[in-house]
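Take a look at these structures.
Here chain A shows up in two complexes: once beside chain B, once beside chain C.
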Partner chain A sequence: MSPARAVLRWAGVVTGLLAVAAAHLLARGGADPATAAEALLGDRSGLDHRIVAELGAPRLVTALLTGAALGVAGLVLQTALRNPLAAPEFTGVNPGAVLGILAGLQSGLVPADSAGGALAAALAGGAAGGLVTWVIAGRSDAGGLVVAGLLGGALLAGFTTLLLAYQPSRFGNALRWLIGSVEGRVWEHLAHGWWWVCGWTLLAWAGAAALGVLSGGDEHAASLGLNPRVARALLLGAAIALSAGAASLAGAVSFVGLVVPHAARWASGGDPRRGVPLAALLGAGAVTLADAVAQVATRLLADGGAAHRLGVPTGVVTALAGAAVLVTVARRSRHLPG
Partner chain B sequence: MTSVRQAAPALVTVAVLAGAAVAALGLGTPLVAPHALPALIFEGSAGQGAPVSVESVVVWELRLPRLVTALLGGAAVGAAGLLLQEALRNRLAAPELIGVSSGAALAVAVCVVWALPVPLALHPVAGLAGAAAGGALCLAAARLGRSPAAVLLIGAAVSAALQASLLAVLSVADRLQYDLLFRYLVGSLTGVMWDQVGYVAPWIAVAVPLVALCVPALGLLRLGDEAAAALGGRAARARLGVLAVSALLVGCVAGPCGPLAWVGFLAPLLARRLRPHGEARAWLPWSAALGAAVTVVADLAARTALDPVETPLGAWTALAGVPVAALVLARRTA
Partner chain C sequence: MIGETRAAARQDPVSAQDPPGPAISVRGLRFSYGDREVLRGVDLDVAAGEFVALVGTNGCGKSTLLRLVSGLLAPAAGSVRLAGRDVAATSRREISRRVAVLHQTLPPVPGLTARQLVRQGRFPHRGALGMLWEPDDGTADAAMAAAGVAHLADRALDTLSGGERQRVRLALAVAQDAPVLLLDEPTAHLDVRHQLEVLALVRELRDRRGLTVVTVLHELDHAARFADRVVALAAGRVHADGPPAQVITPALLAEVFGVRGRVLHDSGRDAPYCLLDEPIA
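Then we have the complex of A and B:
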């Protein structure tokens, strides 16, 4: 690819992301573009300004961070495991993180609105979930890993259900975590998430060269002087950290970590050094767009008179769109087992 | 010797069923001794007017309908699981893994949560439509001839989308009703009374002869599509019929109990283990009986394990089903 075309492509991706972000801010309704711009520049004079600055903007940042984390986590998982179907939701990591958060809330270890506590609980749960899948999978092939991930996810969901049933009154907004929503996130919720996600994304980018070497096979990596086991363990750790970060921000937003990396790999020509930042940008754009759609749908439903507590959750939009994309791709793909 | 070995699994299954049934009727508050049960049931069924004891009300009005629903629902889902697995020749094709259960649960949940003007008696029809739509969506996407893992992956995608819709439906309800959430997400028998039994039983009665009609078709499908065609059978039509019957079974149960997660996976698996040299015809009754047994035992756990809190039945079947599934996979690859 010539440098000029590469620059054009990156510019296109960034412009698209900015456009999606602007659409997200305006999708809520109530603020015209001028008000939103003033609010972002520090004007706090009117109610609309404050709504944009204190509700709209953190929601947007949450969506961007969640998407970026999921996109990169998925790309790292798929490349390091050399499995086009590996994704946070299909490796037990995402269900585990949700279970961790709910268990933390249940046991009282995590205060209800503590951002750092949710992150730690999600991290512990995500690691445990990945471990469960790894134990179930044993030494199976690509298809077997997916099956193991689904089974591990079902097991973790069973525990989650038991936990919810045990004391439902403690989980006023458990649905948020179960399905994934960025509704009502404010700046306090982002206190730890932003540096966690940004930091691990940069680390994953730094490790992208190793990722590229690993994708060529273990023997290939060893012959180049890279210990494949150590490298893979480190990269998987980064993927779990990113998935847990996303889960602690927005709960289990599904299918972003599965679909976005495919787009990123296709657009980057398979080079992880370009693929990691692309996956971050595309993932951020995907979740933000999904949340914009969710906000519009919520407004339409509210106009229609339907009562709503949480609005239409973002996770519903990503799940429906992601399932459609996955089914389309799976029908065409020859990489799938079978 | 051989007759003893053949009879042993039957005896064990009957014993487990009977034991679980007595426990389901007796355990809880108030605790009822087994020998007192017949009298209490008779007293409760004697009907209105006569002054009755608390025990007989609890046993007759609460525990017995729940037990009957568990038996009927478990048997239906167990049989449906076997039909699906045989028709698709895929041991992982459990109803919850290929969109059938989630479709049925979604359809019924929409009727209940949004209070659509659908009479309770027609909820099984809604469930049937949802089950058929979910399964058809999945199979159309996956195409029939592909490998188990590919069908499973697409089934997971479709199921996830259906479950997400289910959660969305529940989240726009006025007030989050956790019992509804659990029932339609994983399956639960909380609060089942004789009314619900009355709505389900006729559909099961309709389904039984249909299931019997499926048996010859299963033998045909087992041959594989080419061989079946060579013998003059119409494999595609037979498969469609079997799939429709299994959708009926799952759909009519979804109303009162939800999807009864993993029962449709566990029961056929156990049936195959008990009769390793059998064929579909022999597995079918076993699968139904074991499905009923699994459901009754799981409901017992759901009711008593974390007493006084009731837990969803489907969570317990998932905790039992997943390790079993993992073992099956490990054996197959080994």
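Then we have the complex of A and C:
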């Protein structure tokens, strides 16, 4: 591809992302585009301005970061494990991170609304979840890994259920983590998440050349001077860190980490040096778009007379959309993607 | 130690600083997969610029020998030296600047283009900071031109024919810019025309770039025609070693391959060729 066309394509992706972000800010209703723009530029004069600046904008940034983290984590997992079905939710990492957060909150180890505490708990849980999968998988092949990931995820979900059954009164609060939602996230919640996700995304990008070499198999990588085990361990560590970061921001947003990497690879070819940034942008766009849809759905439900302003969680939208994509792909190709 | 590696990295891989000696020197090499001892003391010297064909039955340890020479496996006993340097004491990265390996298979990477694969050949030459921003110095394009695949650069590998893919993989090895090239059955699954094309390209690369080539081949006629020297492995040792006309004999067919056959001489090419009759009961 010529450089000019490449620049055009990247510009197209970024423009699309900006459009989705703008739609997200307006999807809540209440603020017209002019107000939203003023609020973003620092105007805090009216209530609508403040709502955009203090609720809408952090929610948008949370969605962008969550999506970017999931997209990159999924791409790294799928490429490093050479498994098109590897994803944060299918490797025990995401269920583990959610279990970690809930366990931390319920035990009181993590104070409610502590951004750093949620991140640490998600990281511990995600690493433990990945370890469970790794132990179950043993030395099995790519297909076995997904089975092990599902088994590990089921095991961790069982623990989560146990935790909730123990204190059912907290179920309402736990729901946002279980389904995945960016609603009600304010700037304080992003205190650590932003640098965590940005930093690990950049590190994953720095490792993209190694990721590309690794995708050709362990012998291929070793022949090119890369120790495949060390490289894979480091890359999987980055994927766990990113998944945990996403979980600490928005809980278990599913399917983004599975579907977005396929789109990123399809568009970028087999070169992760383009795939990683593309997965970050597409993931950010996917979660933001899903949350915009969730906000519109919430408004429609409220207008339809639902007495409580019932919030449609972002995770519901990504799960439905992701399932639709997977069914379409499976029907079209008669075998699973990859 | 690290400083020493860096210093070596700046040198040309076949610099005068290397201790003199054959490009590859294998001594008393032994290796087992579990209880099965595959190599039982292999000795082999390959001079710089030589084209050696490694022949033998399935499972006789030919591929294992290539993996040991390239440091992908560690021997149970014995040593491998590359231009005088012990492989066991050389870093993965440093080995990959000295030896390029064409494995039997490359797992498919959906969407990967020929140029993207060939550029991976520059990986061993990049520093830690070059992981992200690699300068495109044209080595990859030159390697593709040398392998005659420049026109395939932007094609996805999974859309290429077997012969084209094999030539792209040879371009990858050329881009790696290592003085030693190891090939594990480079003609497997290719039709006769592509077999000849690939082997002719290997020999041309050897001639033009002075590469040392060791290739596993199943087709004895190819070994006779393209290689300077044929090494037959049997029972974990070197059974016969020498110019094709000396090694490829009815006795070799019987003793190593268990086949009754005749060996004739193609005077046009001055190479032996085999007429295989039947397996020896």
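Rule of thumb we're sticking to: the second predicted complex is superposed on the first by the 324 of 338 C-alpha atoms of A that agree within 3 Å, B and C clash if a C-alpha of one lies under 4 Å from a C-alpha of the other, contacts with A are read in each partner's own complex, and residues count from 1 in each chain.
Just so it is clear, contacts are C-beta pairs under 8 Å (C-beta built on N, C-alpha and C of every residue); 3 or more make two chains touch, one makes a residue touch a chain.
Given the structure is predicted, the values throughout are model-derived calculations rather than measurements.
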Task: chain A as common anchor, with chain B and chain C clashing or fitting - done: fit
Open item on the list: Between chain B and chain C, whom does A:225 touch in the aligned arrangement: first, second, both, or neither?
Closed with: second
- [ ] Angle at the Cα centre of chain A spanned by the Cα centres of chain C and chain B: state it in steps of 10 degrees.
- [x] 100
Open item on the list: Quick one: is A:216 in contact with chain B, with chain C, with both, or with neither? Answer first, second, both or neither.
Closed with: second
Open item on the list: One more residue to check, A:208. First (chain B), second (chain C), both or neither?
Closed with: second
Open item on the list: Quick one: is A:82 in contact with chain B, with chain C, with both, or with neither? Answer first, second, both or neither.
Closed with: second
Open item on the list: In the overlaid three-chain picture, which partner chain does A:270 touch, first (chain B) or second (chain C), both, or neither?
Closed with: second
Task: In the superposition, chain B vs chain C on chain A residues touched - done: B
Open item on the list: In the overlaid three-chain picture, which partner chain does A:5 touch, first (chain B) or second (chain C), both, or neither?
Closed with: neither
Task: Shortest CA-CA distance between chain B and chain C [superposed frame, angstrom] - done: 17
Open item on the list: Per the definitions at the top, what is the overlap between the chain A residues touching chain B and those touching chain C?
Closed with: 338
Task: chain A to chain B touching residues, read off their complex - done: 85, 89-90, 136, 138-140, 143-144, 146-148, 150-152, 154-155, 157-159, 161-162, 164-168, 175, 178-179, 254-255, 301, 306-310, 312-313, 315-316, 319-320, 322-324, 326-327, 330-331, 336-338
- [ ] Please give the residue numbers of chain C that touch chain A in the complex, ascending.
- [x] 70, 72, 91-97, 99-101, 103, 105-107, 109-113, 116-117, 120-121, 123-124, 126, 131-132, 134, 154, 156-157, 176
Task: Contact footprint of chain C on chain A as seen in their complex - done: 1, 82, 205-210, 212-213, 215-217, 219-220, 222-227, 265-266, 268-271, 273, 338
Task: In the complex, chain B residues that touch chain A - done: 92, 97, 141-143, 146-154, 156-158, 160-161, 163-165, 167-168, 170-176, 178, 181-182, 185-186, 261-262, 306, 309-312, 314-319, 321-323, 325-326, 329-330, 333
